[in-house]
Every structure is written in C-alpha cells, then in structure tokens.
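To keep things simple, chains are lettered A, B and C as they appear, and every chain counts its residues starting from 1.
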Amino acid sequence: MTPPPAAVRTATEWLSARARWHPLEIIFWIAAFAAIYLFPARHLILTEIAWLGLFALSLDLILGYAGIISLGHAAFFGFGAYTAALLAKHEIIEEPVLALLISGCAAMTLGFVTSFLVLRGSDLTRLMVTLGVALVLRELANRYGWLTGGADGLQGVSVKPVLGVFRFDMFGHTGYTYCLTVLFILFLVARRLVNSPFGLALLSVKSNPLRSSAIGISVDARLVAIYTVAAGYAGIAGALLAQTTAFASLEVFSFDRSADLLLVLIIGGAGYLYGGLIGAIIFKFMQDYLSALTPQYWPFWIGLALVVIVLVGRDRITSWTTPIRLMAARLNWRSLARRSAERL
Amino acid sequence: MLTILFDGIAYGMLLFVLACGLAVTLGLMNFINLAHGAFAMAGGYVTVVLVNRLGVPFLASLPIAFLVSAGIGFIFERTLYVHVYRKSHLDQVLFTIGLVFMSVAAVDYVMGSGQVFVQVPSAWQGKFDAFGVGIGRYRLLIIVICGLLTVALQFILANTRFGSRLRAAVDDSRVARGLGINVNWIFALTFAFGSGLAGLGGALGAEILGLDPSFPLKFMIYFLIVVTVGGTSSITGPFLASLLLGIGDVVGKYYVPTLGSFVIYTIMIVVLVWRPQGLFSRATSR
Amino acid sequence: MSVVLETISLVKQFNGIIASDNVSLQIEKGARRALIGPNGAGKTTLINLLTGVSRPTSGSILLDGEDITDLSTHKRVRLGVVRTFQINQLFSDLTPLETIGLAVSERRGQGLDWWRIVGSRPDLVAEVVEILERFHLTDVIDKRAAVLPYGKQRLLEIAVAIACRPRVLLLDEPAAGVHEDERHEILAAVAALPSDVSVLLIEHDMDIVFSFADRISVLVNGALFVEGTPEEVAHDARVKAVYLGEELVDA
C-alpha cells in the first residue's frame, strides 16, 4: 500500500528541512567575506577568528554531534600545526595549500589511531584519555626539541605564497582570505555531513547508543569516523595558525588551549555548527578587550565565564540565539503546516 | 635504589592523601571535580604564610591548613557545587575547570607567580642512615603522617556509623536516601573533609612537589590517575594506585629522566583502555 | 517446522546470581511464542543475551544453525534479530519520521551515506511513510519523540523494530504501562505482524498471552520451567503454584 505522493513529498520536505539554507546563514557568510574588503585594518584578528572557528567547529563535531567530551582536542591542532610548520621550514612542501592538506591528513591519521581509545569507558575515562594523549604529544614535542624547537618553539619558518601567487603579509590580508576560504569549504562539507543519514545516525548515537545499535547502527564505526574527521579539521586549523604566524610552539598542545576551546564552543552553543564560529568571534573580541586591561590575569575571566555559564545554564545562555532560530523555523513550519493541512 | 623506593613511597602516600577526597566525591555523587587541586593549593599557601611570615611552628600549621581548606571546601560546596550536581558531566567539567582557572589567577595575583618554599624546621631536614638506606627525615614524616591518616580513614569508614552511612551512600545513594540517610549532609561533610585532606596534603607536599599558582593544573592529571586507576569503590584501590603512581613516577624520573612524565601518561592511557573501571575496583552495579 | 533461533544451555551469572540457568530454547519459523514468568525470572536478561546486549557466561545462541553468540548487537540486527525495549528507548530529539527513516536507511545499507541530504531518496521516504501510516503515527509524524504521548511512544518502539524487517522479533512487554483504551492499537499491531516473522513475546497480561501465543515458555528463577501449548500451560499445576493461583486460575 504505497502512500499518496503528496504525503511522501511533505515527509521529504520535513526531513530535509534541517538541511535547507537559512537566510541568516547566507547573511553570515556574505558578511564574513565582505569583511575582506570592509575591514582591512582588522584582518589580523579576523584571521585568528577564522582558524579558531574552524578549531571550534571540529570540537562541535565530536562534542555537539557525538557527545564525546574531550579535554585534549589540542592534540590534533598541535599535530597539524607542527606538521605544517615543519613542512614549510624544511622546504619539503612549499605550497601552503598542499601542506595544509597533508597536515590535515596527518592529523586525521592521528585521530583515527586514537579514536579507539575513546570508544569505551565513561565520560571521565574519555576525558582522561583525551587529556593524556595531548599531554603525551606535548611531552614528545618537548623531548624531541631538535625537531620541534622545544620550549622556544620552531624558529625560522618561512611560508611561501598561497598557490604561488598570494604572498603572506604582516597585516593578515592574505591570511584572512586564505583562512576564511578554507573555513568556508570545510564548513560546507561538515554541513553536508551532519545533514546526511550519517549525521542523523550520529545524533541517534549521541542520544541513545543502546537504541542505535538495536536498529543496526554500528556505534563504534560512527564514532571512529567522526572522531577522525574532527581530528582532521582540528589539524587543518592548527596548520592555518602555523602558516599565518610562521611559528609553532609547545603551547599548541597545551591544556589551556583545549580548555579555551571548550569555552569558545559553549559560548556559541554546541550542536548546530555555527556555535563554534559565533563563539570564536565573541571569544576573540573579548580576549582582545580584556587582555588590554589585565594581560596577566586573563585566565581568571575565562574561569569566571565558564562558572557563570554553567550556573546560569548552558541552554539559557545560548537561548539568545534560539529566538532567532525559532523564529526562522516557525516561518518554515507554518508554510509546511498549511500545506499538510490541505493534504489531510 | 632503596632510597628511591622510599622516596617513591613517600610521594605515593602524599598523593593518596591529596587524592582520596576526590575519589570519595566521585564515588559518592558521580561528580567530576577537576578543581580538587585548588584546595590542596590553598592548604599549601596557608602553611607558607603561617610558617614563613607568621612564625607558626610547622607541625602546628598542618591542622590549620586542614581546617582552612575544609572550611573553604564546605563553603564552596554549599554555595556553588550544590547547584551543579544534577548537571551533565560536561557541565561539571566546565564548571570545575572554570574554578581552577579562577583560583590559579587569583593566587597568582595575591601571592605572585613564583614558586614558594616552606621553611621546614631543621629537625626535619636532611637524611639519616637506617639499615644502609638513606632516609630523608621529611619524607619519613610524610609517610608517618599519611600512614596514620590512612589508618584513621579506614577505621572511620569501617567502624563508625558515619562511615557505614558513607559507604551505603557511595554504593547506592537512592537506596541510602530511602533508608533515611541524609545524603546531602553526608556529602557536604565528606566534601569538606576531602578538601581538608587535600589542603593538608598540599601543606605537607609543598616542599617536595613544588608550590606555585599552577599547582592545581600540574597535578590535576595525577589526582585523576589515582582515582580512575584505583577506582572509587574502596579506600584500598586509590591507596594502591597512589603508591604505584608515586613509585613509578620517582623511579621513572630517576632512571629515564629524558622521557619525563611521558611514561606515566602512556601507562595511564593503556590502563584506562584496558580496564575502564580501574585496576582495583570491584565491578559495581553502576 | 524449521528452527530459526535456538539457545543451547545458555547461562548468565552476575556476581554469584544466576540470572539465566541453562536455558535451551527453540523458536520455529513463524512462531508465536510467549515467554512468561514471575518478576525477576530473567525474561529481559534472556532477551539481552539473545540480542547481544549481554554476553552469556556459557552456552551458545544459533540463528539458522549459525553461531551468533559472539556477534555484536548491530550485527545481529542486520541478520534479522530485532527487539523492542520494555522501557521505551527512543531518540528523544528525533521525530518518528527521522527515527523510522534511520532504521530503514540502515537496513538498506545507506546509513553511511554522508553526502546526500536526509530525505533525498523518495522510495525510502515512501517506505517510511507507509510504516508510519500502518502504526497510526502520521498525526505525530513530525513531533519530537520526547513530547509524544506514552501510547504513541510504545507504538513507535514497535514500528522501529518492524522497520528493520526482522526475521525474529523479540517484544519485551509491548503493552507495558499503556492505558486500557490504547492497548488495542498495540495488540492490533502485534497481531498484524507478517506470518513468516518469528515472534517471542514477553508479557504479564495473560489475556494478551493466551490470545496471541501458539506456544508458551514459562521462565522461573532463570530456568525454563514448563513449555507447551496455552491449554497445557494453563492447566499445569506447577505453573499455577508458581503464580500462587493469581491470573492463571481465571484463564
């Protein structure tokens, strides 16, 4: 008994409603690209926002969509950063985009290998294992100072022009366009991914892994896949940092970086892809403002922000974004509801 | 070699006193308190101020460090932590990391960022020889004090009504509540006590571990190792885990100094993946 | 009658408590088997063992003669061993449309599709809508599972299992907690199951058991106590004794 085609059409619309481009999204990206021309004086901070947003996006993929709490996501960030810096310094791969891809693959490999560590165990074990991996990498980077430059960082890195044409400059003009383009492309891929059947399966795994396996979903396979992809994204973000600053130091693996990243994602809200980007914008501007006031005690304000956010409630904090989202959703639903009422 | 073993045991017992409060908190309320090290730091700095600046005798400053840390723990628990119990693990992690950052920055501001040292009375300094083994006086003091504390803890848990209520609440808090045990009150007291112990450990350990504002961050991973490897269903689990960790770290740093903590972290990862419930815990219903 | 699912001396022990005691069970193709027993008899444990949620202490499980004892849950689902849960296990933020859609796309092997947008395959969507209509879920088709009334959640629980096109369906108290008025929908759904699907039903409500089953297995203290046709079981003195003369006397 096949259902009437109108019902199928409506169901299809409902299912793909998540994936439809919202006007606000389009405005967001137009504004981001317009900033290339409109705010040349702020390109340096915008560059930082771009790779930080990508880094936060990668955390969103595992935290917001798969429910894995990681205290060591900086492991992949740092791995990508050092790979890119070393490739540039030793002139193994001179073209930045190619080096970027290779760094991403390197980080993805690391992600794949370590993904098996986070499959089992409670939240606490995962936390510790991810933290442990980042600490191990940091120790290794410290130990092999002849390769990594140790505590002083990797000196003497020079990055060639992007695609052989666009030279990196002191003001971040090339940097911002480069980072933003990379971010946008990877964002499109991530957006496709989370709105696919794979993404829906991920949400189900996050929501109820027992039920997921009871409908035939291999929970482990999904987690390994998303963890690997997220590691790749984080590695590319790190590579962008290394390439735009021509520097890499031990600090890319630090716990502070992983902890800051959690705050960035939480400010914007996890689970809808834009949280990391919005959080990066807010975080960077706040950091800019507050470190001018109290350069040394900036961690105090981060800590306070975390405490307040948790006490007030994460959903209430990000609720300032939901009226916008809800309003937009209601516009969509109302037209769909009208059409379905006509069908019935 | 035996001296190193001795040092490792001292380090391990110190870690135990520092971390056992965290073990009980985790086992009791399933609450991940990453800020535990901050209470230890508080105790350490209290002792530093008392002994260095106010001339209080070292041994007398230890109970004061305990009480101050316990007091801070109690206040924080009743005012802040109590709102976070029901929240998700992610929220607990974020919250306690936030507290750590705040405490680190605050102490940095008030006490300065350099490492501080306790003026340990000369009676406790230096070594003496016993059976051909070099025994540090201070480390011996640590072992004695921590040993006594461990015995006292085990006694309280096994032989007092509070202890049995605590064990019941750890085992199954819903049932314990149903039996009329005031779990909230038990938790407040236990949290305060655990923080006090951490403070005492911080005071004792300032000399060996090095005390500076980043103490909670540096040692967070060690406390977590003790708790996850040792499990939370008994006292002996974390005790053994602390000893293993203490001895392992000291021995490792002596014989393979270039690898540093790398070995400890790798072993931790291996253990956690192989037995996520900890090396020493019995399988619980949870 | 060919045996589809079989357990051989299945034992499950938890810390000294024997939850499943040497259970040897055969379920034929197209069976309508009911599994009854007092509370704590180990019925849900048995389902957990059959579906791979727990691993047995000893013994084996065969599906069509193939040993599946070591297979993980999701692999067993692929082979056709599907269950429902006694306490609803749904995805609280997903709608029935998305939930059934997920089950169907997994079954079709399209679950790893990461490039296509959800809903872009019309034939898949048609099948999903058809299942939803069969289970009277179209009026809540686009509501999050968490806000559905309990009876609808229960229906969704069964619908998801059916969407996996099971060969062996293990129903764990499908009518549990459902209001009298809504029970008939669940019962109708259970009665309408395809005849080549083998069904093992756990239930406490004896009316449902006797109207549904062609064979009943009684589980007591983890062991198979009595097995037989509904009349045999109803008149078995030992079964009556076990139930302390409660519902069975009326049957």
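Definition applied: a contact is a pair of C-beta atoms (placed from the backbone, for glycine too) under 8 Å apart; a residue touches a chain by one contact, two chains touch by 3 or more.
These figures come from a predicted structure and were not determined experimentally.
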item	value
Per Cα centroids, the chain farthest from chain B	C
Closest chain to the centre of mass proxy, which here is the mean CA position	A
Chain B and chain C, separation of their C-alpha mean positions in angstrom	48
Distance from chain B to chain A - Cα centre to Cα centre, in angstrom	35
Centroid spacing, where centroids are CA-atom means, of chain A and chain C in whole angstrom	41
Per-residue multi-chain contacts in chain C, two or more chains	none
Touch list for chain B against partner chain A, complex	26, 32, 80, 83-84, 87, 89-91, 93-95, 97-106, 108-109, 217, 221, 224-225, 228, 258-262, 265-266, 268-269, 272-273, 276
Chain A residues touching chain C - in the complex, by the definition given at the top	1-3, 7-8, 11-16, 18-19, 192-193, 195-201, 203-204, 207-208, 210-219
Chain A partner contacts - residues on chain C that touch it in the complex	51, 53, 72-75, 77-78, 82-83, 85, 89-95, 97-99, 101-103, 105-107, 110-120, 122, 125-126, 128-130, 133, 138, 141-142, 160, 163-164
Chain B-facing residues of chain A, complex	63, 69, 71, 116-117, 120-125, 127-129, 131-133, 135-136, 139-140, 142-143, 255, 259, 262-263, 266, 296-300, 302-311, 314
